[in-house]
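There are two complexes below, and they share subunit A, which is joined by subunit B in the first and by subunit C in the second.
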Partner chain A sequence: SPEFLGLGCVLCSSVEQKIYVVLNETVPCVRLLNATHQIGCQSSISGDTGVLHVLETESDLDWILSSGPHPPYMVIMETAFFNRSVMMRMKNSSRVAGVAVIISKTGLADNFSPHTTCPNQNTGVCSYGSDLANCNGTVWNPLGNGLSYEDFSFPVFALKDENQTQVLRKCYEDHNQRVNGSAPQYPLCAMQLFSHMHAVTDTVTCMRRTDLQNRFSINPEVLCDPLSDFNVWTSTRPLNNSAKGHAADESVVIAATRLDGRSFFWEQAPAAEGTVSGIVTLLATIQALYPVTQEAPPPRNIFFSFFQGEAFDYIGSSKMVYDMEKNDFVIDMNNVHSMLEIGQVGLLSGRSLWMHSDPVSRQNKSVSEMMSRMQSAAAGLKLTVNHPSVSQPLPPSSFQRFLRARRIPGLVLADHNTSFTNRYYESMYDDAENLNVTYPSGLTPDEQLVYETDAAKSLAEVATLVARSLYLQAGGEENNLNNITADPKIVAQVLYGFLVQKNNSWFRSLLPPEVTKKGVNSILSPGPPQFYIGLGPRVHGPAHSVTRFVQYILANLTGTVTNLTESQCQNPSELSTENKDLFSYFWVSGPASVNSTGEPFCVRASVRLSEAVSPAFELLEYGSRNYSTWTESRWKSIRARIFLVASRELEMLTLGVGVAVLLLSLLVTYFISSKAELLFSSARETPTTTY
Partner chain B sequence: MITIIPISLQQSCRVAVLFCLGRWQQCCSILISSVGYLCMDLSRVFFTGNSTMNLERMPNEEKLSLCRRYYLGGFAFLPFLWLVNVLWFFKEAFLKPAYTEQPQIKSYIKKSALGLILWVAVLTTWITIFQHFRARWGEVGDYLSFTIPLGTA
Partner chain C sequence: MTLAVFFGCAFIAFGPSFALFVFTIAKDPLRVIILIAGAFFWLLSLLLSSLVWFIAIKASNSQDLTLQRGLLIFGVFFSVLLQEVFRFAYYRLLRKATEGLAAISDDDGSAISVRQMAYVAGLGFGIMSGAFSMINILSDSLGPGTVGIFGDSQYYFITAALMTLALTLLHTFWGVVFFEGCEKSRWWVIAAVVSLHLLVAGLSLLNPLYEGSLPPVYVITLATGVWAFFSSGGSLHSLSALCTRRKAEGESS
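Up next, the complex of A and B:
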């Protein structure tokens, strides 16, 4: 009954509201599929119900898995117990109905990475022999426990909201707690989790069933969607977007980084060290290089690219390479001179960076030339760049997809020598704190926005190094190098926007007015952005928030302000002075002043989006071994609620009594109807009529 | 990805065969059975001229012709006709005192019962096999199915 739950319910008129307490903020784990497997979590179609039990000690684990008298249990797992051994024991037990993991920093272990030990091991460079492939040489993520890639048959939710966790704890303490070691009595507090996923087995099966449904069924239903979004690219010299294939007289140095991350739970990926460090560095590099490349342009063009979907077998980079090989992109592989990728660069130890290279292409002279250029660029700064041992393969990086297509010289810059320094790789704990981005207390949001943390200064230095190396690699003069410096203020602003709060004044000034004015569901909702790739514009509205932010930041950093009106900005091809093939035009809000919102204006920049969907879905090879085949399942509803349950015996008793009353009433009705004349005879003579 | 896949001729023939095979279970059975039963009902009313089914008031020749018609109709993949035949005429054939048409009615009932048992056996076997092995058959299982359950293999 509702009084026990002790929660205010002012206008409870419906019975359902009196019984159930709905949990509003749910963070589920969903099912993802690839060519051969399914990973993630699944609940039954009508939800999984279990008696709540908080897992705080080893004896609780014992209670849940063997000795507790009220299985199945819905486990509320303290942070310290969310590891591989406990989850595997839960997976193999039939007494666990589901798990709700408390996400907090208290009790967090020293490391936690649910990713595999060897990320993207099957879709990288093919040419490594058995001594280097599959991380036989170097294990990149040794702290990885592989939980994200397991298949659970019960729902797993995350509890991020402290108030909601309190509600659950209170319910548990009021009803389910053991008193003096004896089992608690009914009624008990129970939780029901709904996260029924539609897709099964693998992508091949799921896409086949989707096609069958769409062709032959009366009620077509899509079962899964491929992961897709957009890559963002720009270049120091504008490239003609309508001319696809080989670009004449263009020799291009590619500077790349990744845009995405992931974690065990759906749409949660703060990805600070794993992704944001690279994005911020590349943005600052572009900002540092831009003025110099306009004044004293180097012989080669520099092409900057942010690849989306790299966590899922290199979706974005494989698509770009595929387009280049098919002559469907502004440049092709013959245009590429070399490549520099920025990996995880946030946690430098002792101011030293590592230039990772491929053992096979190390033999090529151009790679050593590239390394020496980088070292000479670092000489002027306080950083040192080293190269790891010659026999070490490349870490997981987009550069591996380019190497798969053609042996181009290239380097991957990282802060780690052998394995990652990131102890929370691809997990929910890879946040601002992991990157040492902390602000002194007492600052307003606007002050925090421009406060230069140590991390910001360090990343700005890395960006200066990268910018100078790129300038040298593109054939620029050495004496221009001192003019290339990354601005720590820009780095601090981007770090704040990507790690702490995306709804800040700078981001608002960069984005179009219609985005800044939107309500709750806009990309400017409070909090940091999440870097999970998502399902792209066909399913989820306009492009992913991070893609949009990077696009507009680039427009701000590299674009020129024009005095076009809004309608001219939407259709610049009507004007002869503007060139839609070379540039994109963005209508942005402009900086807001104290009294009013800013005056919008039109920015012209050579920033473009290119589609990042795996070539496997274009070629319709859903079982492909060469390309990413990751899809995300669809679902109807994901929700959670708690309520009190009665014992089985009480339920059976209620049913029994009901059935008995039914039979009794049938019996009584039969007797009354057979003796009707006796019971209801009247004194008057009524004429009988036959019907 | 919600587009019609262009598949080769060979593959499309295979898909068509499996599709028809799967759909036969549902479409033909629904169609033929409903049409068949409807025809039987209409023909009964049309030929016997009365719309009531009270066997007490029927002369014996009419009973025999009705029994024969139901027996023959069951061969058109309509096993329910045989079931109705058996249930309806059982009392007539075995529990009533003998009359001239009764031996023939008895033979029809026995043959209907035999056909019915055969149908039940075949359908039960096929349904059991299908339910058990559909997930394991992968592609073939999907093409033979009318509705595929969500979220389970």
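Up next, the complex of A and C:
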């Protein structure tokens, strides 16, 4: 008996509440489209229903695919079975109505990456011949099974909430369990998943239909949206934001990393080793460089950039390169001296890093000079930097888009030599544990915030290396190098905020007061942030939560406190001492103490956002082969519910009884009404009998 | 539970009332009017009794389950009494109407007898009562699920339809008997109808013990049907006349 379900109602006023148990925590897989394909999952418009079956053993798989008597089945998949072979067999079977995957660490395989083996292979630098292109030389993600890029015609949901999974298991055990090998009896527990996607085929088709809707329909219905958000950039010397095109007398060293990740499911991307390691390192680099670049500025400017959307064919970096070439950005390609990109740097083996470079530009002397500068910077620290074999191409990185436009010298720093050390690349399991970020038990959240894990210390060292190399690359003096050190405490705080809990006291002090005060839908909801790029203007404000965090952290690390009031902070152009072209002004909450919420103040920093939407959508080339064309489909409702289903025999019996009752009553009534005078013979009476 | 169950339950619950409507009511506009007015009277009684119950619910502690159950039982019995009161009120209204109808009709006499009005009024009550019991359940039976995940019986829809069928027939028979009792001033008849109605309502509260509620209700339906037959002018003699007439026709053809 399901009293434990805790969801039953005693005096239910509605029959619907007696029948359905609605599952609140749903994590779907949605449909994404590019110029030529659609990927992801889709349900039919009125949902897909199937009898529950838990997939725990091989015999369960046979039951579902061939021998079970009650198809179609809704598969509850244990973690160990979520791999390519099982999912492909499900995809090819007509007996599977949908899949709900249990996401847990128990039973997790040693590696799991649903991404492709050769990420972004068609939109990188295109000068490699057939011997290097398409990962012919080096396979970057050999553990990738490509599941994220398959097209499933049934819904796939993730079960992250342990309590909800328990409800499903109990329903299965109560009604659907096989007893001694014989089939279970009706009524059986079933689940219905709704995730109908509006867009089909590819981006070209979807955008064409959306354009038709916009032009001819009174109530236009958009079918898909391009993936878009914002890049974050800053520089050691402020750049005039209103002067677009070539910046006079500026030679810039670009330091870049990516801001996003993805996984098989929608809006789930913890991306610890894949993305957070790079973000944290670059933030710590900026923090380490900032004081020295104010006291002893190097000849060249250092331009820091966080690119959004790199997982989807380099959305952010291709847009920035496009803007630079169109003279629509603060600098252009002629201003760029060199580039250093930070790839995945969280899982160092033996304290050694690898400097990846492009085989073609390796012949250029400036790349070797860059490498030697980095090696001399590493000499003072306990790290070693090596370079992989000369013929190896660049790993997937934003630097490839810059090389595609202009042959500039550059390096990509990573913790792997040939293939990734990340065994959970772009999956839901690339979380804090994958990066070895664990805290001793018994610490309060505020203590965890400042606790320096080994991972934090290691990343701080990498950041120090990067900072010192950048300083040398920008032409700075060697004797200033010892003043450049990344603070492990800042690294620890950022790691905690990005991997464990974004609603912490440090983040709250950096963000504007209206964000920290918002209710349930604020960007400061509990848990770690997710790094999926998402769509344009979002519910919480103009940019994605991670973008805003990075923006405000940079404002905190590189900005100066001013004594402007709130209205002056919003309109600084009215004041003659402030310059809106060189700086941005942020109204932040300030640190909260025990009894008060903190005094907000205005921070001035040269941190900017630049749009990260693929040039293909500006040029209206939806089938472009040069730029990213990724879009996300729209949908009406995504939900799930469980209930019992009755046997077909009972249903037909009900229908049969109903038809019999109807026919019988028609016959009897006709007979009686035709013989009414005879039957009710003493019915004739004068109706004027008064009462 | 899908389309098969929807249609099956709809036919079970509304089949007889549909048949009765088509063959005995539809042709005569006066009967249609009396039917609909009867349905309206039943609706009024339900509205008032549910208002009382609603106020009682809102005024009480919603966490106390025994109190809520007690209030539900009180609500059911109060509704039964109110329905019978409205049945009586409708009888008075119809009696007043017959004089008017007789005055304006072409024939020398009313177009419809009190017995026929009793039957139509009872059917009106029955159809509306059945609709209110069943429509909500029918709409939920269209979905893919059936009742049972919280431990209820999976025969919920069928038993609801059967109960509705019985209740529709019962209201029809009670209408006939009640009006006859009022005509002949036999007050024990009215008391019997009221107590039978209370009994049936009480039996329905026994659900989901369907064995305890459905068979007794059907026995009562059968008994009330027989009573209504005799009360509306039928007799064993007319039944046997029916058989011999048919036998004679059978022999002659």
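Rule of thumb we're sticking to: the second predicted complex is superposed on the first by the 646 of 691 C-alpha atoms of A that agree within 3 Å, B and C clash if a C-alpha of one lies under 4 Å from a C-alpha of the other, contacts with A are read in each partner's own complex, and residues count from 1 in each chain.
To be clear about the criterion, contacts are C-beta pairs under 8 Å (C-beta built on N, C-alpha and C of every residue); 3 or more make two chains touch, one makes a residue touch a chain.
Being a predicted model, the structure only gives us computed values, none of them experimental.
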* Asked: Of the two partner chains, subunit B (first) and subunit C (second), which one does A:D211 touch, if any: first, second, both, or neither?
  -> first
* Asked: What is the contact status of A:P226 with respect to subunit B (first) and subunit C (second): first, second, both, or neither?
  -> first
* Asked: Can A:H198 be said to touch subunit B (first), subunit C (second), both, or neither?
  -> first
* For A:K675, is the partner it touches subunit B (first), subunit C (second), both, or none of the two (neither)? -> second
* To do: Quick one: name whichever of subunit B and subunit C touches more residues of subunit A.
  => C
* subunit B versus subunit C as contact partner of A:S389, first or second or both or neither -> neither
* Asked: In the superposed arrangement, which partner chain does A:F617 touch: subunit B (first), subunit C (second), both, or neither?
  -> first
* To do: Quick one: classify A:S525 as touching subunit B (first), subunit C (second), both or neither.
  => neither
* May I ask you to decide whether A:G656 touches subunit B, subunit C, both, or neither, giving the answer as first, second, both or neither? => second
* Which residues form the common part of the subunit A surface touched by subunit B and by subunit C? -> none
* Write out the stretch or stretches of subunit A touching subunit B in their complex. => 42, 45, 196-201, 205, 207-217, 220-223, 225-226, 617, 620
* To do: Name, in rising order, each residue of subunit A that touches subunit C in their complex.
  => 1-3, 5, 8-11, 14-16, 18-21, 49, 171, 187, 189-190, 192, 641-646, 650-659, 661-662, 664-666, 668-670, 673, 675, 678-683, 685-689, 691
* Structure fact -> Seen from subunit B, its contact residues with subunit A in the complex are 1-2, 4-5, 19, 138-139, 142-143, 147-148, 150-153
* To do: Give every residue of subunit C touching subunit A within the complex, in rising order.
  => 1-2, 4-5, 7-12, 15-16, 18-20, 22-24, 65, 68-69, 72, 95, 98-99, 102, 109-110, 112-115, 136-137, 140, 143-152, 154, 156-158, 161, 165, 182-183, 232-235, 238-239, 241-242, 245
